[in-house]
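What follows is a pair of complexes built around chain A, which joins chain B in one and chain C in the other.
For the complex of A and B:
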């Protein structure tokens, strides 16, 4: 009897400890957001709130807008996704459905290894391999551009996405696939009409997570995208993402409005990533409810 | 036999190391001292800081010296906020910065800021007006300045760079820099960028120039240690190490070494001009 009470007590303690951890983590996240808002305040007070978001970046003329950086971050993330999603889908389908066991296992191990490579390695390799090739092949600018960054960033976000996709595809009940086969469906039909719809929750989660990674990545864009603070109008123009802007301006004078602008960037990054997390959460719970 | 050779090699090394500490005049100040010196800031300073730190740390294992970059702005800010012991800057801190952080400024070298291009670029000489036009974005092709028919790729530095500030004031005369210029975050990154791009133009510390990039003669004056020293090359600046108030004994010993014959030799070997 006594032992049981002890057990309950220790369970209560564990619950308390976990609850404290959760509340602390949540409070910290909220505090960071508030902190950024407070520090970005000089900039918002200096002009209209929206002016900061829609103006261009020309510190010498007194304009501290971050519109070019928002555009660059979005263009880079969506560009990388557009390239990485088809590749990842194909790769995951090979591993979980179509491939022979041995090559499939090899690809799976290979992808798992790729997830462990630090970003700076991708950036470094990109600076010495991708940039000169892009410069020579397309003859447009220095090769440090949106396109180079998209190429390397898509390579970086693919492995995580592939692993998510594999999990999602393997969790589709075998009975469904067999039933489709019995109805005379070929491999392509099974993939398009059975596996993809059944795995959609996992697929969407993988894509959203990859988007978050691409949007928040600093080193690849800092090393490969060129960092010119102009709104992206061509794949081959030098662009500066929100994260690279923070990295480049962090050293400026503490009291300056340049410095305040990095907190505006932080607020935007935070808001976008929070929105993605909420959408992912919402979609997932809705899809799980609808599951047959 | 093998063991004997090995023993001899070890003996030689032991003799070398002990000889090092016996004849190290300037490094005696560190005798019996222990602790850590944290250095950050200007990226032009890094080679000198690292060479000196290596000399000191091999002789006095009780001392740890860490050298980080970040740019002049970072150096001044971090030393002012007490995050590091020495904050380097490639420009003199402003009067406001000195007052706000109670900085003590130690200048130990003179350095030029040179325009650099790829070694294969035939353009090795430009006038100040041409440089200003290139950086402003009005001259966009190398053939406008006597080179091949190639679009010019302009590289500039980040907002916190002391090198950029000096170049902007003394070479561009506070003129505009095109918004489409690529931005790199350090002297080292500038060297890599220009060395790997045949159509590039950039600017960097004279001390950082090696065979991978070619300095450009400006208005007839070739940027070099000699022309910076005798003042004929005008785009020059001091290299500063800043401390918050009076430095601690260990940090003071480090700064004193920069002015000793051994320190001056290191500064000269890295391509800078020791002062005073």
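For the complex of A and C:
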């Protein structure tokens, strides 16, 4: 009986300790957002909240809007997605249904290993391989432009997306695929009319998370996109993303509005990625409910 | 495989995109190796200093990567030392004790934390150092300790999720055996559940180490610099491999420096891929043999 009581007491103590840890960890999520908001406050106090988001970047004229950076981040992420989605979808189809077992396994292992390549190495190779090629082929100034960044970024986000797509395609119930086979469907028909529609929710989650990764990536845009703070108007112009803006302005005077603008960038980045996490979470929980 | 008519295009697309992904990454790895291998000499790490003495830190290294390697190792150790205990505790709580609405709220919070871009976490660390500078001590600025803390925050959600899914993946029969023999919940956790999920947890920790070692955006804002020598104190700036690679790409002045940048890229790539392969082999059951001898 005494052992039982001891056990209960120690369980209570351990439980308290673990609960403290989990609350600390969860509080970090909120603390980061609050910090960004508080430090961006001078900017919001001086003008209208929306002025920050829609104005241009012209520090000498006292305009500290981050519209060009928002535009550049969006253009870069959507560009990279447009390039990466078809390729990732094809690659995932190769691994999960198309290829013969051996090549399929090789591609799967290779893609898994690719997730371990450091982002800065992608950026470095981009700077010394992709940038000169873009410069020479497209006559694009220094070669550091939206297009170079899109090329490398799409390669960077592909492996995660491929792995998500493979998971989604393999979780389609075998019975459906077999039924389609029994009705005389070939591999292509099964892929187009059975697997793609059934795996829809998983595919969307993969795309969303890849978008978050692309939107939040710093090193590739910082090293390859050229960093001119103008609204993107052409694939071959130099642009500056929200993330690169944070990295570049950090050296400025700490009291200035210029400095406060990087926290506005932080707030936007945080909000977009939090929204993506929420939608993805919602999709996933709905997916679990639907499954028998 | 029969492919005729309109599905021919589909076939080409699928095989072509598999080839494109593989060859894209192949080009990245191949290019780094091709340009970096000529730099792989002892002088890459130790410059003109005598290697053995420089290894133990008796002589300073000015034109080699050794200080950056030491900096990366120490910042990763700090980050893991902070994040692993916290992540382990939080993961255990989520898997074993949290229920219902609390569990849902907590998982959403960690999903959001996992989605925060690393530059925003770096910015958080940077502004934290500004506040500490103003309110605690003017000696505090961006430093090794701060970088370690922020990298820890960066990998915390991954660790929590690894621990949680490791514990939740255990079969119910294993969960119930010790309890039905009269063990209480903590004993069950300590002697049954944690040891059986050790492989999965170790995999998570190693992947977290890899992510700490490669992340650049966080240390860019929280204290990594190009020239600091070997890390001396927790409250000083430090050098790190990924930061060095970024620095070289933007402002190299000579062919040798560029060459050293490629050398650094090879070292970082080897570390990341090596850690990844170790994690993979542990997942396939080597850890148990190492820790328990069977």
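Quick note on the criterion: the second predicted complex is superposed on the first by the 264 of 292 C-alpha atoms of A that agree within 3 Å, B and C clash if a C-alpha of one lies under 4 Å from a C-alpha of the other, contacts with A are read in each partner's own complex, and residues count from 1 in each chain.
Heads up, the rule we're going with is that contacts are C-beta pairs under 8 Å (C-beta built on N, C-alpha and C of every residue); 3 or more make two chains touch, one makes a residue touch a chain.
Remember, predicted model here, so these are calculated numbers, not experimental data.
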Fit or clash - chain C, chain B, common chain A: clash
Which of chain B and chain C A:59 touches, first, second, both or neither: first
Which of chain B and chain C A:277 touches, first, second, both or neither: second
Partner chain in contact with A:39 - chain B first, chain C second, else both or neither: second
Contacts of A:247 with chain B and chain C, given as first, second, both or neither: both
First, second, both or neither for A:171, with chain B first and chain C second: neither
Greater chain A contact set [chain C / chain B]: C
First, second, both or neither for A:89, with chain B first and chain C second: second
First, second, both or neither for A:127, with chain B first and chain C second: both
Which of chain B and chain C A:230 touches, first, second, both or neither: first
On chain A, the residue positions that both chain B and chain C contact, one per complex: 127-128, 222, 247, 250, 254
Complex contact set, residues of chain A against chain C: 4, 7-8, 10-11, 14-15, 17-19, 21-22, 24-26, 28-32, 35-36, 39, 86-91, 93-95, 98-99, 103, 107, 110-125, 127-129, 155, 158-159, 162, 186-189, 191-192, 209, 212, 215-219, 222-223, 243, 246-247, 250, 254, 262-263, 266, 269-270, 273-274, 276-278, 280-281
Residue numbers on chain B that touch chain A, as the complex places them: 70-74, 77, 97, 151, 153, 155, 158-160, 176, 179-185, 192-193, 196-197, 199-200
Contacting residues of chain A [partner chain B, same complex]: 57-60, 127-128, 131-132, 135, 141-144, 222, 226-230, 237-238, 240, 247-254, 258
List of chain C residues in touch with chain A within their complex: 1-3, 7, 10-11, 13-18, 20-22, 24-25, 27-29, 31-32, 35, 85-87, 89-90, 92-94, 97-98, 105-124, 126-128, 130, 153, 156, 160, 184-187, 210, 213-217, 220-221, 242, 245-246, 248-250, 261-262, 265, 268-269, 272-273, 275-277, 280
